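As written, the chains take the letters A, B, C, D and E, and residue 1 is the first residue of each chain.
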Amino acid sequence: MSRTVRLVMFGVAAAVLAPLFGLAIAGAPPFGTASHPYRDLAVAAALRNATANVVSSINFDQRGLDTLVEETILLASVVGATIVLRASTGDVRRELAGDDRALAAVTLVSVAVLPGTLLIGLDVVVHGHLTPGGGFQGGVVLATGLHLLYLASRYETLERLRPLHWYRWSEGLSTAAFGGIGVGGLATGAGFLANVLPHGSFADLLSGGTVPLLNIAVGVAVAGGVVVLLAQFLDQALRIASERDGKG
Amino acid sequence: MSRSALAPLAVVAPILAACVVLVAGRRAPRLVIDVLATATAAGVAATTGFLAASTLGGRAVTWSGGWSPVGGRSVGVVLVADPLGAGLACLAGLLTAVAMLYSWRYLASLQAHYHTLVLLFLAGLVGFALTGDLFNMFVFFELMGAAAYALTALRIEEPDSVQGGLTFAVINSLGAYLSLMGVGLIYARTGELGLARIGRALGGQRADALVIVAFVLVVTGFLVKAAVAPMHFWLADAHAVAPAPICVLMSGVMVELGVYAVARVYTTAFAGVLPGGVLRTALLVPGLLTVTVGSGMCLIQRHIKRLLAYSTIAHTGLFVVAFAVLTPGSVAGAALYVLGHAGIKGALFLVTGLLLDRFGSVDERDLFGRGSRRDPGGWFFLAGGVALAGAPPLGPGIGKAVAEDAAGRAGYPWLVAAFVVGSAVTGGAVLRAGLRVFLGLGHPPQPPASETQGSGEQPETPSLVRAVPRTMLAAIVLLLLAGALPGVVPPLWVAAGRAARMFLDRTGYAGQTLDAAPPTPVAPLPGLGWTTTGVVLGLVSVTLAVAVALLGVYRPRRAGWRGPVRSPAPVELLHRLHSGHVGDYVAWLFLGVAVVGALIAVPLLAGR
Amino acid sequence: MNTILIGAALTLVALGGAAVAGTAEPGRQAVTLSLFGLALAVLFFVLQAPDVALSQIAVGTAVVPLMVMLAVRKIDRNPP
Amino acid sequence: MTSWLLAALVLMLGGLAPALLLGSRRGALDRLVGLELGSALTVLVLLELSHGYGASSYLIVPLVLAVLSFAGTLVFVRLIGLRG
Amino acid sequence: MHWYAYTVAGWLMLVGSFGIVRSRDLVHAVVSLSVAQSGTYVLLLAVGYQSGAPAPVFAGGPAPSTRVVDPVVQAMALTDIVVSATVTALLLALSIQVHARHRTVDPDALTRLRG
């Protein structure tokens, strides 16, 4: 199909769908409405379980199944990317190019920034049930912090501090821990992924029952997963060359 | 532990097993991994099979997190196992177990990563079949997707494989995002995510533009998954390049789950607001188009896996048509049809996989006469073709017969033609390929220039195999038996009838889910099974299929409609439309949404 | 006041999205994508969703751009 | 309170909008300037908004952005630079 | 204002998809797909917004009450962002391999899967 035909077809579809969508949003409740029935229930439920961050309560307690599956999606993507980006026949590992190095000043600043980044990441994970943030956001910050080693220094530095199978294990084990906590709820008879731990007092560090635990599990899983994921991309871009490259 | 613990266990068990495989994968011997993965899948099949049987007396409702509803409302996510959903989950478990059996010592270079992904895929399939929550459906949809994209592109040395995987991923993801827009819109109206809750909130309302658009968007992702024309393009590209055991899962249950999801969302959430007549038209039009395009493309393929993929498209079209009739009989027919189709189509894919492993090609022309008459695979392939055409008394045949009967009773006797022609043409195409490859009948086909050939592919085993391993053969036999079984086990028909009645019972679903109401007993559907008309129509299909096959094999060399020089214009056009271009497919996807949207919106909104 | 802020943020997001989709060269597109991510984060913030804004920032500032740039680099190093 | 929000609005319209414009035109390096400007301004905007809403817990967002935007900058500086 | 937020959501979905349709580079198509997805975040959060209500985070914020912005849509948007990032990663990985096998990432030049 030629480019023009394709664009015209898309245009026709859009011309049908845009007015339909317009009619639909004209019938939606006004923006900023005060009526949110699910919200009323969810906030009450979060307060009952002493979880100050209602979003975390929904993610890890009320609708914990969604988050378990979300972690599983991450796991599947990481394993998938590992498979897709594996070195195939005809690929060779090569030495890093000499220019692949950052400025000394940048390295210095990064060394200063790195510990702070890791601390902030930990804080975001640990306080996820109280303040904005949680396992996912904190885990990504942790993984990003680690990659300052590559960004501000040399790839070898990162490789040395990154035994990949550790990260792969930590991802697998903590996803399993999430599922295991869920099964634990089943075993106590309270139900799958039930919040069976003592809820503690509102807005305390030790409150929310299983929510902080699940937050930490997700934090570890995400940090491990993102490190493994980026490792595949870094390896492909920096280390792996195809034998065919030379021949064009 | 009560029955309600089984549904979450069936979802979480494969996830936990996948984590174990991932962590232990490098140390443990391959045999342990194989056994663990196969056993997990079999365990899931047993659990969900038990659920399917036991829920005939009433659904098993599980509120995750123990958030049982108070006054009919809850903040939790609900898993609702009913016979049809649990049955599909069981089918997913069975197919995965067989696929793992076939993959025994297979794709060795991937180590345990392959098993991890297949187990995660299984978790996605099972969860998608069991969930009773709209957003949870989206999440499981994405899990199925993420695993399936990677599994499709498993053989990264194949140029077609990575391209097919990418196309699959882009189109399916876009479909999922459109679905999520729909979820957002329906949440704006009702403030609910549970299917039963949405059903209650919408019941008795006027079908205004918001509800219509929300419904159309929500089902878009599922229609894409179900490969309903014109959103079907990705399927052939993906199925043709995925490893054979993965094709078994994708063709046998993943695509069917798309149809199931459309049906589930409609019957539980939207049936009270969107009239059945409007939905019927909106599904029959694309459904019949799917049958036409699928069987037409199937007939003109020489790449055997692509041929099977297009036959899956045609059959999915038939499932959509069967559901669109919207009677218990038609739903029961579709359910039986899906069971039979899964076994037979799976076996056909696996035999084709064996061809690839032995000859390094899945090209009908390349393989011409190379399969031996003593090769059991050849006879399996031919038997599969006959079964696919709807031969009594096998699985696809009973499904087809029951669906035809239901269509006739519902006042759509002309739909019978779609069932007969669709199954005859696809069965005939399979037979033609089998006759040529395994019996060497006729002469090699002459291709037009612009099509995917399928020769020169890498085999999936480490090297070309000479003797077929027993595990692979066992997997094929198991699938053929599973595909034949639904046709000869009357209790299964009774169960399908009751399952269909429960499936269409919106009030019963909501009552059991939200109010913990006692289950309303469902009576069996009378007259469900082989009828004289059904047997005759089945025989007609088989005869037609044989005729199609023989015509393909022995047709005169020059005067054919797909002669060596040029194909006639419609065939050429059909070929050209399936361009493999991601941008084209996106444009088609939006056109499809627009068509379905117009089919629902115009009759409902124009009158006002 | 907040309504005006939301309106302004929405406008930035709408323009940013069009700019990203309209940039043909992926290397440049990645930079614009980062900016678009910032606009989204501001929008989420004024819509009173700091959790979501934080996620968007976590993903959109470094991780996704890094993946895109590495993909671009891998692809560019081997011209057709 | 409102004065903080007003300041944020001014910064969005007068700062972020031009940064976005800068970041969506011409070559990669020109866009990078826009991104740098945008990151710095976004941190400020988010800080002002946190003050304006009177919610101290919101402050974690600009803090994380400040840290991560450093990493983000390095991504582009390294990889765009490498491509010559 | 009533229609503006929803329109922007639809607009993002549309321009993102349009970007894929006219794309000449798979990486560009993948990034455009993520623009299309950002339409879903905007829609979800717009649906859950309540004028003048604070975020549903009570530590260091407002006194606990139900008069907050809808947290359910925020939880959905969070999940959605994770999904988007992971799918983007997978798609980029596939694009790299497409280039490795086909020596091009121009959809117009990828002509092997036909018919």
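Please note the rule applied: contacts are C-beta pairs under 8 Å (C-beta built on N, C-alpha and C of every residue); 3 or more make two chains touch, one makes a residue touch a chain.
A quick note: this is a predicted structure, and the numbers were derived from the prediction, not measured.
**Student:** Between chain D and chain E, which partner chains are common?
**Tutor:** A, C
**Student:** Could you tell me which chain lies farthest from chain B when each chain's centre is the average position of its Cα atoms?
**Tutor:** D
**Student:** Which interface, named by its two chains, has the most contact pairs?
**Tutor:** Of all chain pairs, the one joined by the most C-beta contacts is A-B.
**Student:** Distance from the CA centroid of chain C to that of chain D, rounded to the nearest Å?
**Tutor:** It comes to 11 Å between the two C-alpha centres.
**Student:** Roughly how many whole angstrom separate the Cα centroids of chain B and chain C?
**Tutor:** Their C-alpha centroids are separated by 37 Å.
**Student:** I'd like the Å distance between the centres of chain B and chain D, where a centre is the mean of that chain's Cα atoms.
**Tutor:** That pair's centroid distance is 47 Å.
**Student:** Enumerate the residues of chain D that touch no fewer than two other chains.
**Tutor:** In chain D, 53, 57-58, 60-61, 64, 68, 71, 75, 82 touch at least two other chains.
**Student:** Give me the residue numbers in chain A that touch at least two other chains, ranges are fine.
**Tutor:** 6-7, 10, 14, 21, 25-26, 28, 32, 36, 38-39, 42, 53, 55, 58, 63, 66, 70, 73, 76-77, 80-81, 84, 88, 124, 130-134, 136-137, 141, 144, 147, 229, 233, 236, 242
**Student:** So which bits of chain B are touching at least two other chains?
**Tutor:** Chain B, residues with two or more chain partners: 135, 139, 142, 146, 149-150, 153, 156-157, 162, 165, 185, 187-188, 193, 579, 581, 583, 586-587, 590.
**Student:** What are the touching chain pairs in this one?
**Tutor:** A-B, A-C, A-D, A-E, B-E, C-D, C-E, D-E
**Student:** Where on chain D does chain C make contact in their complex?
**Tutor:** Per the stated touch rule, the residues are 2, 5-6, 8-9, 12-13, 16-17, 19-20, 23-24, 27-28, 31-32, 34-35, 38-39, 42, 45-46, 49, 53, 57-58, 60-61, 64-65, 68-69, 71-72, 75-76, 79-80, 82-83.
**Student:** Considering the complex alone, what residue numbers of chain B touch chain E?
**Tutor:** 135, 139, 142, 145-146, 149-150, 153, 156-160, 162-167, 169-170, 173-174, 177-178, 180-181, 183-185, 187-188, 193, 237, 240-241, 297, 300-301, 306, 450-452, 574-575, 578-583, 586-587, 590
**Student:** Residues of chain A touching chain C in their complex?
**Tutor:** 32, 53, 55-56, 124, 132-134, 136-137, 140-141, 143-144, 147, 226, 229-230, 233-234, 236-237, 242, 245
**Student:** Show me the residue ranges of chain D that touch chain E in the complex, using the header's touch definition.
**Tutor:** Spelled out, the residues of chain D in touch with chain E are 53, 55-58.
**Student:** Show me the residue ranges of chain A that touch chain D in the complex, using the header's touch definition.
**Tutor:** Chain A reaches chain D through residues 99-100, 102, 106, 109-110, 113, 116-117, 120, 123-124, 130-133, 137, 141, 144-145, 147-148, 151-152.
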